[in-house]
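Both complexes below contain chain A, partnered by chain B and then by chain C.
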Partner chain A sequence: MRREDRRAAGAAAGLAYPTVMLGTLFAIPLGIMVVISFFRKIEGGFYEPVLTLDNYARFFTAFFAQNLVFSLWVSALAASIAVAFGFPFAYLLTRLARRWQVPILVLLLCVLSLSEVIVGFSWSVLLSRTAGLSNVLVWLGLLEDPEAWSPSLAAVLCGLVYLAFPYTVLVLYPPLARLDREIVEAARTLGAAPATTFATVVVPMLRPAIVAAAVLVFVFTLGAYLTPQILGRPQHWTLSVLITDQAVYQANLPFAAAMAIFLAVVGLGLVAAVLVLARKRGNAA
Partner chain B sequence: MTPAHGVSLLGVTKRFGAVTAVADVDLELPAGKLVSFLGPSGCGKTTLLRIVAGLETPTAGQVRIGGEDVTGVPTHRRGVGMVFQSLALFPHLSVGENIAYGLRIRGVDAAARRRRAAELLDLVRLPGVADRHVSQLSGGQRQRVAIARALALEPRVFLLDEPLSALDAKLREDMQVELRLLQQRLGITTVIVTHDQREAMTMSDLVVVMGHGTVQQAGPPLAIYRSPVNAFVAGFIGSTNLVPGRPTGPQQVAALGGTFRVPGLPPNIDGAVTLSVRPEDVVLHPGGAGGENRVAGVVTFVRDVGASVETYVACAEATIVSVATPKDRDAVHAGDTVTVELPAAACVALPA
Partner chain C sequence: MSRILSALFLGAVLLFLALPLAVIAAVSVNEKKRLLFPPVGFSFAWYGDLVGRSEWLGPVTNSLLIAVLAAAVAVSVALPIAYVLWRHRLRYARALYAFGLIPFTLPPVITALGFMIFWNAAGWSGSMTNVVLSHGIFLVTLPLVTISLGFEGLDRALTEAAATMGADDRTILRTVVLPLIVPYVLSGYAFAFVVSLNEYIVAFMVAGFTIETLPIKIFNSLRYGYTPVMAAVSVVFVLVAALVFGLIARFGDLPRLLGALGPRDR
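On to the complex of A and B.
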């Protein structure tokens, strides 16, 4: 009896640490934000503690609703592109000799250390009319005159995918490295060419990892607020840009908080739906 | 039953960097027979199997299946079925889908695939599990699924890489018998890689003993057991007594402080030979009765395993092991002085 008590006390202590950490670093700030989202903005001032639903009501206008859909769409597109490039890349990486794999992984980690601003401006130079890649195409004779490719939606996607690519590869690398090579070889002996093996064995086997990587990139790009401003036109500004604008430049913290919470709820809802759907398909297969 | 195809390996060599895994192997694997590649780990047997499957490209040499040169043909067009050591079943597919995977790649319709999967499950005596998940099967059942999958496309050659090593002893023996019966029924040319000499002996038409990347000896199991060409083969196939000796005349070898008549001693051999005598051929006579091919020794250890008794006898230069059934021989005990007879017919002379 005594020993059981002591063990229960130990377990409680073990739980206490993560609970306190989560509480102070996550739940309390989130709670403050939820509360602020119901406060009222004072014109020319900060906000007053009067409960109101105005902030949420304001959100349900065509402008913000469209922007929400656009933001989700851009993030979904960026996630799809990042996984579409990242998965074959990670697969081929695991098939390389060990001495090549490590430098490439280190290089990817280096990319992570670059700031979003630097990456954004680099892409804007690369895609510009005066100094960009289109000049190379002109030089090669593929293009008549240099063109400006930025700002544009494609430029925003380039920037977002570039930022998300290392995460995609780093999430996909461990499960791909653990993949039993004999399974791939078994498919080969059963008449599947390498590309067929990849499509019918490697991809379906790693569906959970692919879903995880896509969800990560989706959530990650949903929060990006610099890249759309640097590489996009105002119509390409995502909800995160508008939140920053409200919070920092309009000093409307209650409305910014309401938008942020709405974005988080919708984003998490979509992620949960994807995970449930993926599990269902996983069981059916 | 499809007509069987033989496999020929001509001067096959495989080097990984500075390491030579397989060195200049010439081998004929007869059509419709079961051949085992037997050897210790690192002897090159798995590499040789993978070369037949096309999973490794030989550094030099040629692979032929049914007379056709397939050296440059990729695995997926080679028409081989393979059972892998890890079994390598697809975890995202059901049992039936695993077996029918090759048919699906070929574009066979779903109904025909289901029929064929059921047929193959009957063949491996595992009916009615097509819709189960692979993780719901036991080790032995997965083994059968892997065999069924490898046979689904009616391959020209059936290859198995240590297929039974993960099973427990009892199940392994059952599967050996079953696999052999299945192979004989289908008449398919089959290669099994194994390090278990008992498995190789009991299952195969032809045993290929490999060591250090080369074929040490190839032949029917009993021929290899009775006439090993060197000490490596003699030691690897069954246990044996290896006795250093010196030829003293025609069919005469001096060893263990005595003289032995060895009918198989090659003429014109000088220097040294090694005599190989199987433990079950060694005869122990209690007390000291002299005679042909006999020397004296002292019993050092007796190991009674029930069905047989192993007796260790220290002779002049070596310890001789004798194996006998308990009712065959008089009981001896540690410390007894005995006479050891190595019958002339059982003495095999090997290069020293």
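On to the complex of A and C.
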């Protein structure tokens, strides 16, 4: 018993350092941010400790509402496209032999870790008039003159899907890889075509995983910050851009903090809802 | 028929993923300073600028230094949590683990703003240390996940055998557990290293005006127009990532690290 006590004390001591680090450098910053979001901005980049709801009231202005609706809409669209292509891709990937799987996983990790600035820059080249894909169409005779396809909404969407795609596949990879092969084989033995098996067995079985992935990818794309700036016009800027703009260039930390809190609540709320949903289904099964 | 279709689909998606990288690689060897594709002439000169001109060498050094140290910070925070969670199954360790997953799940701008406000309030802003610590905390999720996977895969019979032979906790940790967990620690470190190298928003909001990292430098020069050095940097980034993940795949079990197998399917 005493030995156990000593062990537990040792364990607690082991956690002292991570607690201090995460506490000081993550919990406290978030806490300060919540507090500042209720403070009032004063000129010169500072704020005064006067409790006010003004920062949150600004959410109800037309400008903010427009930006919010656009952010949510474009992220949802990008996430849906990424999942629509990512799910069959991840499924086919897990059916491949290991020696093919590994290089594809390496490519996915490379693209995933690639700086957003590089992704944005690559797509801006790819969609540019001087060096872009439209030159290929001209060369094929499908287009008269090369065109600039960026900046535009389609370009932003392209960039977001590109950013989100490897993340989507890697989120869907574990449930698909753990999917019991015997079930798929049973469906095939009973005469179902591969496409039928996929649509009537695999997709329904993994519906919770698909929903979870869609939410995670949605929150992930909400975080895109450089893509809308590089590939879009100012009307395509998302909430992340707005928050940074307010914090860094407008020196309005209270308003930036209020928006960040809002984004955090939306993000964490969605993820938590999905986790609860997944647990419920797990219990029911 | 369906095999051909699925191969076509896989191929098309891989092309979509590889296309921007290929174009960047092509324009990075353009002889002219203008953005041209297909490339005109052939030259590695822009790669030389990357190390030869202090304008680019500074950010390269900053980024490398930050990534090396920040990944170490991330691992140092993640390892004790993962160990205590596995060894003692403490509820508090589980809570810390869940808390450590948050920075990477949320849109990064939130964490970035939190750091910015924190360092400003602490009256200690704009230094390299701030970026290292902020990245270390921001990226703690990555080693936390890989190291925990490693612990879950450990065979408890091994530690029990060592305990039966009279080894105490500390000896078991040093001689049995740590050697088996090293590959997961290294891959956690590598993931954090690569992501730190590429990270923009946290570095920008913490010290963007004093410490120029490579992504910040690329974005700043993008505003003033195109230079082929940007393409060269991007190619180097892709190659570094490919090298790191290639090594992990070569010496470790990449599908397992990415969650292909449950802990019990070992």
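Note that the second predicted complex is superposed on the first by the 234 of 285 C-alpha atoms of A that agree within 3 Å, B and C clash if a C-alpha of one lies under 4 Å from a C-alpha of the other, contacts with A are read in each partner's own complex, and residues count from 1 in each chain.
Convention: a contact is a pair of C-beta atoms (placed from the backbone, for glycine too) under 8 Å apart; a residue touches a chain by one contact, two chains touch by 3 or more.
Predicted model only: the values in this text are computed from it and were never measured.
Asks: Kindly classify A:126 by the partners it touches after superposition: chain B alone (first), chain C alone (second), both, or neither?
Replies: Second partner only, chain C.
Asks: Just chain B (first), just chain C (second), both, or neither: which does A:193 touch?
Replies: A:193 sits against chain B and chain C alike.
Asks: So in the superposed three-chain picture, is A:264 touching just chain B, just chain C, both, or none of them (first/second/both/neither)?
Replies: After superposition on chain A, A:264 lies in contact with chain C alone.
Asks: For the three-chain arrangement built by superposition, which of chain B and chain C touches the greater number of chain A residues?
Replies: It is C that touches the greater number of chain A residues.
Asks: Touch test for A:26: chain B only (first), chain C only (second), both, or neither?
Replies: The second partner, chain C, only.
Asks: Would you check which partner chain A:201 touches, where first means chain B only, second means chain C only, and both and neither mean what they say?
Replies: In the superposition, A:201 touches chain B alone.
Asks: Looking at the overlay, what does A:180 touch: chain B (first), chain C (second), both, or neither?
Replies: The first partner, chain B, only.
Asks: Common interface residues of chain A with chain B and chain C?
Replies: In the superposed arrangement, which is not itself an observed complex, chain A uses residues 193 for both chain B and chain C.
Asks: Can you name the residues of chain A that touch chain B in the complex?
Replies: 180, 182-183, 185-193, 196, 200-201, 204-205, 207, 285
Asks: Within their complex, state which residues of chain A touch chain C.
Replies: Answer in residue numbers: 7-8, 10-12, 14-15, 17-19, 21-22, 25-30, 32-33, 36, 85, 88-89, 92-94, 98, 101-111, 113-123, 125-126, 128, 130-132, 135, 162, 165-166, 170, 173-174, 177-178, 193-195, 216, 219-220, 222-223, 225-226, 230, 240, 243-244, 247-248, 253, 256-257, 260, 263-264, 267-268, 271.
Asks: Within their complex, state which residues of chain B touch chain A.
Replies: Within the complex, chain B contacts chain A at residues 53-55, 74-78, 80-82, 84-86, 88-93, 101-102, 104-106, 149-150, 152-153.
Asks: In the complex of these two chains, what residues of chain C are touching chain A?
Replies: 2, 6, 9-10, 13-14, 16-21, 23-24, 27, 34-37, 73, 76-78, 80-81, 83-84, 87-88, 90, 92-93, 96, 99-100, 102-103, 105-118, 120-121, 133-134, 136-137, 140, 169, 191, 194-195, 197-201, 204-205, 208, 214-215, 218-219, 222, 230-231, 233-234, 237-238, 241-242, 245-246, 249, 254-255, 258-262, 265
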